[in-house]
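Below you'll find a set of structures to go through.
Okay, so subunit A shows up in both of these, paired with subunit B first and subunit C after.
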Partner chain A sequence: MNTTVMALTTRALLGRRRILLLLPMPLVLIGLTLIGVTSGSGSDGWGPLVFGGLGLAVVLPLTALIVGSSVLGLEIDDGTITHLLTKPLPRSEIVLSKLCVAWLVTTVAVGVPLAISALIAGSPALAAGLVAGALLGSLAYTALFLALSLITKRPVAVGLVYIMLWENLLVGFVDGAKVFSVQQHATTFANTIAKSPMLNDTVPVVTAMIIAAVFVAVGTVGATLRLRSFALTGEAT
Partner chain B sequence: MTSVELTEVSRWYGNVVAVNDVTLTVGPGLTGLLGPNGAGKTTVLHLMAGLLAPSQGKVTVGDQSAWRNPEMYRQLGLVTERESVPGFLTAREFVLASAKLHKLPDPEAATRRALGIVEMEAAQDREISTYSKGMRQRTRVAAALVHDPKVLLLDEPFNGMDPRQRMHMMDLLHRMADEGRTILFSSHILEEVEQLSGTVQVIVSGRLAASGDYRHIRRLMTNRPHVFTISSSDDRRLATVLIGQESVSGVSMTDGSLQVHASDYGTFTRALAKLARTSDIRLTSILPADESLEKVFSYLVAT
Partner chain C sequence: MPENGNGATGVIHDIGYQRYEGVRLGRGYSARSLFTQSVRGAYGLGRSAWAKVLPIGLLAAASVAALILVVVNTQLPVEVIDYVGMASTFTYAATVFVAVVAPELVSVDLRTNLLSLYLSRPMTRTDYALTKLAALATATFVMLGGPMLILFVGMAFSTDNGIAGVFSEFGGLLQGLLAAAIHAAVLASLALPFASLTGRRVFATGMIIGVTLLTAPISGVLQALGEGAGRQLAGLIDPVSLLNGVDRWLFDGGIFDVGPYGPVYGLGALVIIAVGTSCTLWRYRKVKS
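After this line comes the complex of A and B, so read on.
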């Protein structure tokens, strides 16, 4: 881990307009919770939709996608990556530092509004569970999307395909697909702590943890290997 | 003494050969990497800087392999052509970050020194996005210099600089070369290279066309007559004497001086003084008229 890389990454990430994309989703989440609570109807009705359907299934992966694909991807796009690459740093150090920043930023950006929503709904246990789910989900997602930003020129597009097609469509038809869905891992982990009827976990918690760990490992190692033989293309591209 | 070596290096992109079987050594001092646009200069520099894998051959920087070897960057600095700087940082922050990434024992002092070398202290606390092109360039040079590298590679360092900034940068490169560093800069502008350095590596269409001192290269081109401009006490009589020589292929009189085309450089230069003395003609000036880098370059690119 390298604090200079982390500091630079954080400044680059939070200093760009792109980060403003992260604001609306939490606001919608909290807004919907407020509407739900004030509507008077029981939280069993709207709760699963807001916390599971929106929070862990949409806000978490999209935030992780924006952040995870930016921490290294933006530097590759604008060419400033050469400054980092021409330093005597082990490539794993660069990847781990970047991943760490992406993980923390995503966890805060998703965990805080989720916790606030759960507290508004009157369930501290749910809040704790959701934060835990966000913590695990953020790590697995950002590791995946960080690696994608090194493998493909269009990490956001490929990431969206994974989120939309695999996690939201295929999982509905093919039961086994769940095992490889970070969304399911996060939900399972959250509900292990929250034990709330609002969350609907479908994968055994041990399986979820193991597969999530595999995702993190594959993403980190893959990104490191790619960065190790990262070839700069000419000035035209 | 650290030198950069390419041994039978080729690099291709799909079907396009960018660098074709190049073997060259760049030693301490100032060397110009010269070539028309698209000749492969940037590819060569990126290969040297370990940012590109050679498709074939070997690239070493002071006995260390350049590719996949981050440790190599302790002795190498690179200034890319692409003007990519994080604009949200100030020059000081940017150079300091480089110093820290190099894990220097005293990054603050190294930053002050590097910014001093490029004379950027006055503006060091302004954001880079507010800088002029020349200031950005100098900031990037400072960042590349902060760890006191033995080898410095610069890709088109004078692009977009005004004449004053250009002079300043030339001074800077000279100073660093005099300290025994190995400095290689690419350029497609001949005057720059001519002013800066006698030693050139000429790349044409991905191949090394020539290497060494360009005046020496010129002399090796024996198939091209050398042109001299001569003035003397009696130009017309000297012309008649010279045309009788085997080594002279043509003589012409142009406004007050003599243009002599010599087919054999060595014989001609040795014979000229003797001939003048025996004919009792005083030579007042002899200038090689086509020993400029521009001529050498145009000959190389044409052949």
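After this line comes the complex of A and C, so read on.
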């Protein structure tokens, strides 16, 4: 890890107006929880929709997609990656530093509002579980999307197709697709800790952990290898 | 050297420069050219193979789904899904399509300051905005309508009632294409204003998908909490449910229960188209070039 690279990445990511893009999602999450709590109806009705359907299925992947593909993708777009690559740093160190920043930012941006929502709903165990789920999920997601931003010139589009078509559409039809869905890994991990009726996990927790670890390893190693033979090209055509 | 001051002056030689006296192609021509190029660009035609993968892949996936539906529809005694139902079902995939394609159409132009080049032609800012909007809507319409044609061909060949069966399928196809046109117009006018805000495709896609992906659970929660009218009106928040509501109202197809509020959904769709178009026009009046 290189603290200078990390500091620069953090500043590039958070230093400008674009950080505001991450703001609406937590607000919607907390707002919906407030509506649910004040509506007086049981949390069994709206809980799974807010925590599972919105929190872990939308807010987490979307934040991870924007953050994970920006940390390195923006540098490639701007061409500043040349400055980074000409420094005497191992490529693995660059990738790990970038991944670390993306992981931390995503975890904070997702975990904190989720925890607040769960506390509003009156369940500290759920809050702990959701934070753990956000930790694991954002690591797997950001590792994947970081590697994507090096492999393809349109990482957001590819990542989006994965999130919307694989995780949200295909999983509904083909049961086996769940095993390779980070969203299911995060939900499973969260529910192992929270043991809450508001989360529906479907994958055995050991399988989820192993596949998530494989995702992280493949993402990190893949990104490092790709960065070693990285060709500087222009804008995608 | 010409001598100055004592009478002799220099000579300007006529080296044959001529004025252009041919036909000048006007606004219509440039708008049409931009339209065709944009629709082609939306599907990555005339670009690298990687640019084709996603849009063509989505279209291919939808076409394969249509082929499967032909088989299912002909093998089962009842029709599982009709043309309008297909428009409703594929809307979700179409939102992915607009989120990927809309930034391709406008963000790159913004990022590379191409707009000033377009405006050096007879094309005006309004022309540019409307043409891009039309191109996005057309590309989305192809994405939704193409699979319907496959379904129609399959069903027409396997009909039991001879030519009458073909005509009844054709009526269904027309309804489906009308639904597809409405879906395409709404999705395009929803996506393009967001895409035109930023030159970065990352953030453009993020914003568009945020709108569709984030509103779905909100409307889900409101449907779970509300009862009666509240439940039937909650779909207005989420574009996909809104379009399904319009389908239910106009064609009595679709998968979303709107109760007596069908016209409200129709109005909602019109408002989205109107507001989206005027936001795009307003945005392009402000863009520096």
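Following the convention adopted for this analysis, the second predicted complex is superposed on the first by the 233 of 237 C-alpha atoms of A that agree within 3 Å, B and C clash if a C-alpha of one lies under 4 Å from a C-alpha of the other, contacts with A are read in each partner's own complex, and residues count from 1 in each chain.
Rule of thumb we're sticking to: a residue touches a chain if its C-beta (ideal position, glycine included) is under 8 Å from a C-beta of that chain, and two chains touch if they have at least 3 such contacts.
Please read these numbers as outputs of a predicted model, since none were measured by experiment.
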Subunit C versus subunit B on the shared subunit A, clash or fit after superposition: fit
First (subunit B), second (subunit C), both or neither touched by A:54: second
Which of subunit B and subunit C A:197 touches, first, second, both or neither: neither
Touched partner set for A:88, first subunit B, second subunit C, both or neither: first
Contacts of A:158 with subunit B and subunit C, given as first, second, both or neither: second
Subunit B versus subunit C as contact partner of A:80, first or second or both or neither: first
First (subunit B), second (subunit C), both or neither touched by A:172: neither
In the superposition, subunit B vs subunit C on subunit A residues touched: C
First, second, both or neither for A:229, with subunit B first and subunit C second: first
Subunit A-centred angle between subunit C and subunit B, computed on Cα centres after superposition, in steps of 10 °: 80
Partner chain(s) touched by A:35 [first = subunit B, second = subunit C, both, neither]: second
Lowest C-alpha to C-alpha distance for subunit C against subunit B (Å): 12
Set of subunit A residues, in rising order, touched by both subunit B and subunit C: 235
Complex contacts: residues of subunit A adjacent to subunit B: 2, 4-5, 7-8, 11-12, 15, 78-80, 82-91, 228-232, 234-235
Residue numbers on subunit A that touch subunit C, as the complex places them: 18, 21, 24-25, 28, 32, 35-36, 39, 41, 45-46, 49-50, 53-54, 57-59, 62, 65-66, 69-70, 73-74, 77, 152-158, 160-161, 164-165, 169, 235-237
Subunit B to subunit A touching residues, read off their complex: 18, 42-43, 46, 49-53, 67-68, 70-74, 76-78, 80-82, 84-86, 88-89, 97-98, 100-103, 143-144
Footprint of subunit A on subunit C - complex, ascending: 47-48, 50-51, 54, 58, 61, 92-93, 95-96, 99-100, 108, 111-112, 200-203, 205-207, 209-210, 213-214, 216-218, 220-221, 224-225
